[in-house]
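Encoded as structure tokens, here's the structure I'll be asking about.
Chain nomenclature is as follows: A, B, C and D, assigned in order of appearance, with residue numbering initiated at 1 for each chain independently.
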Amino acid sequence: MGAKRKICFPITSRAYYGRSQMLIRKLHSHPDIDLKLMLGGSILLDKYSKHVADDIKAGGFEIEASLFNVIEGGNHVAMAKTACLTALEFTNNLYTSEPDVVVICGDRFEQLAIAMAAAYLNITIAHIEGGDVTGSIDESVRHAITKLAHLHFVTNDDARGRVLAMGEDPDYVFNTGSLDVELAAHVRTTITNEQVNALGVGHDIDIEQPYLMVVQHPVTTDADNRAHLETTLRVVSSFELPTIWFWPNPDAGTGEMADSLRGMRENHPELTQHMRFITNVPAADFIGLMAHAACLVGNSSAGIKECSFLGTPVVNIGNRQHGRLSAEHVTHVDYDAADIAAAIASQLAHGRYESSEIYHRDNASDTIVDLLATTPLYTQKRFHDQ
Amino acid sequence: MGAKRKICFPITSRAYYGRSQMLIRKLHSHPDIDLKLMLGGSILLDKYSKHVADDIKAGGFEIEASLFNVIEGGNHVAMAKTACLTALEFTNNLYTSEPDVVVICGDRFEQLAIAMAAAYLNITIAHIEGGDVTGSIDESVRHAITKLAHLHFVTNDDARGRVLAMGEDPDYVFNTGSLDVELAAHVRTTITNEQVNALGVGHDIDIEQPYLMVVQHPVTTDADNRAHLETTLRVVSSFELPTIWFWPNPDAGTGEMADSLRGMRENHPELTQHMRFITNVPAADFIGLMAHAACLVGNSSAGIKECSFLGTPVVNIGNRQHGRLSAEHVTHVDYDAADIAAAIASQLAHGRYESSEIYHRDNASDTIVDLLATTPLYTQKRFHDQ
Amino acid sequence: MGAKRKICFPITSRAYYGRSQMLIRKLHSHPDIDLKLMLGGSILLDKYSKHVADDIKAGGFEIEASLFNVIEGGNHVAMAKTACLTALEFTNNLYTSEPDVVVICGDRFEQLAIAMAAAYLNITIAHIEGGDVTGSIDESVRHAITKLAHLHFVTNDDARGRVLAMGEDPDYVFNTGSLDVELAAHVRTTITNEQVNALGVGHDIDIEQPYLMVVQHPVTTDADNRAHLETTLRVVSSFELPTIWFWPNPDAGTGEMADSLRGMRENHPELTQHMRFITNVPAADFIGLMAHAACLVGNSSAGIKECSFLGTPVVNIGNRQHGRLSAEHVTHVDYDAADIAAAIASQLAHGRYESSEIYHRDNASDTIVDLLATTPLYTQKRFHDQ
Amino acid sequence: MGAKRKICFPITSRAYYGRSQMLIRKLHSHPDIDLKLMLGGSILLDKYSKHVADDIKAGGFEIEASLFNVIEGGNHVAMAKTACLTALEFTNNLYTSEPDVVVICGDRFEQLAIAMAAAYLNITIAHIEGGDVTGSIDESVRHAITKLAHLHFVTNDDARGRVLAMGEDPDYVFNTGSLDVELAAHVRTTITNEQVNALGVGHDIDIEQPYLMVVQHPVTTDADNRAHLETTLRVVSSFELPTIWFWPNPDAGTGEMADSLRGMRENHPELTQHMRFITNVPAADFIGLMAHAACLVGNSSAGIKECSFLGTPVVNIGNRQHGRLSAEHVTHVDYDAADIAAAIASQLAHGRYESSEIYHRDNASDTIVDLLATTPLYTQKRFHDQ
């Protein structure tokens, strides 16, 4: 028989919680796994994730720790210090909790900090979504996590190739497909006008008409987040379509973007008269909205990944997703008003795309849970020359 | 003409200070470089680095910050928290200082933490000594730093190959040779009996006789540091040769090793009657002692690198240097008393080796200084598929 | 000859910066004083203090450090951790800067943290505004600072009596009068409708008519900040007078109050139709608005102190100022809608009051500067039994 | 019915653990109390407190958290940062644990930091040993804690008077007598030569002969700790009596004192030939040794308090205990070799004293436990004018 494997899952942002829901539920109910949830970062801050912690508790999960560690500033120094404080606090809780494995998701700056702490505590690290190529600081973060991690659950074959090139042990690099895409494939939510207009602030919109959806996050290595946001807003506005605009994620650069959005709403009501601004919806609703959008605009990874499966046309702006494997549903454009406008027009004319399988495997979450429950664990890493 | 390039050099351990002395002096005197020294970690703690900070000031260097951030405990949790606190504090000082480049050396745990902070502050990172393969947590740390760094100064061709395989830009990966070996090649110190017996504690020894030198550091991913140390001590003792034993570096595991050494001295005087225990000597003296030792025993990288050039026979014990490129002067053995004894005996019988060039390039420090002064800088990284 | 006295002035909130402006300017220009400004806390966060740091630099002051250390959450745990992080960071900068004196102002939670750090660094502490009695956590904070401080600049005779009762040395306890009141006595700003309506958000108001001014901050030891705020808002609304409502200070409880204000604006437009919501004005404008208000409502110390001199009628709600020495211009009421309404009505009927001298001394800032420049300094404290 | 009162007891030093043992045991076994032990500071560091954590667990107590937060350096900046880090980490654990009361003991620098965190978390604070007057930074720390605390358990009537003068509520200030003295009154340990010579390092001594006991801690506000220690050592040495010398507590200044002791042992063996150096004994053994010493020399509070009851002659050196209520068994001297020598000679001539009751009440620990279990709790403080 033997003791259950103790698996710690740090959740530090709404986005990762959304995409990991099925995985978390399955880890929680697996007979050989003792799941330890630890919350930190923006997931605890009402304004971004109202009620997420409550939802987690309602799901019958025990929360081992709730660590407030987001430092205000919305700039690089606040972001760096948030990472350091996060690492410091997770160190204490990982030390007390003594998990066998820590699961690190994706490429957010605080996840690298937690991975560093776990590595120094000699805990086996499992990393989900390594090996992709994108822009922004995420590009550095993702690969640095790979070099600290022991088990790798990648979402596509290109990514697997890169993780191996970086010297990881082929026996521990698994292409499980994307959790986001698995969730997108399972969710069949339809959102009503009433529901969407109860969310956020701004104008009532009619999503039974073709509508645009905008998700534009700050690029932390970029100085012009405000200008880029305003370019997008003016272009999107010119289409005079119902628009759902998602508030940017909390990151360096968010402050000026949020400020800019508030200023545009207050001072340029004519530009935002078809727009509704939403900070936060449950993951299923986000997918539902994305699945029916006439076009998704911005720089979210969801445009590349979930939409590849959903077939929603996407206009991806700027460098944030630069290099990420993408299907034909995406048009990549620079921060240029004319290019963005042309691309949106073209995508609206084209309409929906065929579903692509590049990020899709059946049962991604089941595969990951099985591997977490059964893969032999190790801590001493060794570079594998290919 | 344009402003000087501002280069921040964080020094966090005596060892890195020793090997970087020539580099630091040349950075300091370069007309186009404004050098910013920041001290943290064990370099500030008297018991390991008495007077180093004073020496630095005496050299006419300005010290921008002295950050006390070593957390006591000598275990993994203290090590992890030390890294986090180091990162937090360097963030503040890097933010204030606004360097163009931060130079990260080697593979110590706190250097990764500083690299993470610098990356999040959007500062270009230069990394010295990436791409090597070793054991212990250093193996993870080194490669994770590579994936955060922008300029790579590697010490040998194997390392260059690995840094490229990991996706770094070939235009920014330079084999400059090893600074340690450059220093070893320049130093021609001879230490007298009087000098060596004025250092540390223990018995007076006669280094005009063939003598052993032991440098055995803790392996942080290893639970048996105490036992391994005592095995080495008993074997070394059996040769009844004058022995210079260097105190272990401050790291997780140091506490028990130091405790063990103290206990052996107090309770087994017969085993230590030919030994002198030294915590700290200037780098030049360390090289001088190493250059004339009949055999170096332990797990120090100096045994692999500096001794490759010096031709001193080395018995390298355990996994700490596992995988590191080594010349024929090294015999690798496990933590086994009989194997260690046999290897030392064999090396003593063999005597000195031919000097090897695998880690040696002429003018390593000049090359690095030139590249730091002139290479165009960038911050947004991009994976280069080979 | 003789070195200048090095005086460190940590500024951590807009409010303290406002009231300390004259003092800071005089410290800066004093020939025997070398002023070191260090910024931390909410003063660095755009949303509360837009441009304050810029203003400081524009004034020719050098800023020694800008420390981002506000942890998001708006709850007690975030407040406590903000204090700890503030103390940690100021420790580093005080250690580097080596001031002779650190000036601690008032009773904010992060100022106690800085005082603790300074005490442990063996630096003489000067405290401004000790000895008062109020409600909330400020009450504990203020007196704890007194017991760490060496020089005491109190604002009234009652306060001096309490500081002496607490065992402080009579030779070092000075009633200098209040800096806020000194500033209020000097400022003669008149604000126009155009100016006020360019600030903040909400409706245009006519301040040539009698107007209300509301400043209600969270009480950190209080669970019902939201309810209390809404009570005040409903009562104030019922007067249908032009109203300037100041956003609460960033403290535990601010989050829910801000949330509540946003909700009221969005969902109860009828209640806020005469209101303008302002987060931040220069201190002089704040005084100008306060000097001409028909009645000040809320729980700000400005209502007790500045308004005692200005003669503006005040309705002070709840426990936050409980016990603070107040003149006859203040009506104290509990969190009760009927009581608040009656008190406002009564104050509007009464009109302006005679100016009171209880917090006023001529030249408060000159007195403090002189004492900081000339008082012999000491560090070892000793309880003085009265 | 009714929930148990949850009481958090942070233990951060060996000394406080020693004196609080009876109290902790009674809190643990009280039917209405749920005791939460949290360990931090030097109690977790082997070299000072070997096995204490193990002992605690062996006693059947659950340890809620073990927080490594001592920053190396042994200087003021390390001490200040240790306090800040301690506060940060206890904040997290107090937030998770949600105790009704936190018990703060004495006047150590990190206890004020924990008290600050608890105050900001709105937790009721009980303080043991407030109101005394001493030298060093402890003097400031102790009174600042008083001004944050809600329940006061003082050890003598003078202290009660001072706590009331400082404005505390008379209903919550209790003279319970000293826990140290209660323990000293209960313990009847006799230590044999064999036992004492198995401890620490140095020479075997015969404690059946009259012997001296030295306990001299650093004074953190004092620059000459090394010189003062060496003065004491030379004087004590001149009596040529068996001497038990206790290693100094970890505090700013400890480093140089420890260094000095090691240097004296190594370089002046003639001065230490009658001395045994001990870092740590169980509290009962410490009392046993103190009870039979011919004279206690140094600056420990045990000399003033425990020895008042035990009747052991004491020579108290320097300012550390300056102002502390003391009985006639103490001779106070300055850091002057001749004065110290004369005082020791005089105390040896005098022999033992009558037992004093100034710090003694029957059942101190029972009284405190009862009050912690039953006193109505409050959080909002209010200055009580006497």
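We adopt the following convention: contacts are C-beta pairs under 8 Å (C-beta built on N, C-alpha and C of every residue); 3 or more make two chains touch, one makes a residue touch a chain.
Small disclaimer: the values here were computed from a predicted structure and weren't measured.
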(request) Please identify each chain that touches chain A as well as chain D. (result) B, C
(request) Determine the set of chains touching chain B that also touch chain C. (result) A, D
(request) Decide which interface, B-D or A-B, involves more C-beta pairs in contact, and give its chain pair. (result) A-B
(request) Let me have the rounded angstrom distance from the C-alpha centre of chain B over to the C-alpha centre of chain D, please. (result) 41
(message) Multi-chain contacts only, two chains or more: what residues does chain C have there?
(response) 77, 81, 85, 88, 92, 95
(request) Report the residues of chain D in contact with chain C in the complex, numbered from low to high. (result) 76-77, 79-81, 83-85, 87-88, 91-92, 95, 109, 112-113, 116-117, 119-122, 133, 135-137, 139-141, 143-148, 162, 165-167, 220-221, 252, 319, 322-323, 379-383, 385-386
(request) Within their complex, state which residues of chain C touch chain B. (result) 65-67, 88-89, 92, 95-96
(message) Using the touch definition from the top, list the residues of chain B that touch chain D in their complex.
(response) 44-47, 68-75, 77-78, 81, 85, 201, 255, 259, 266
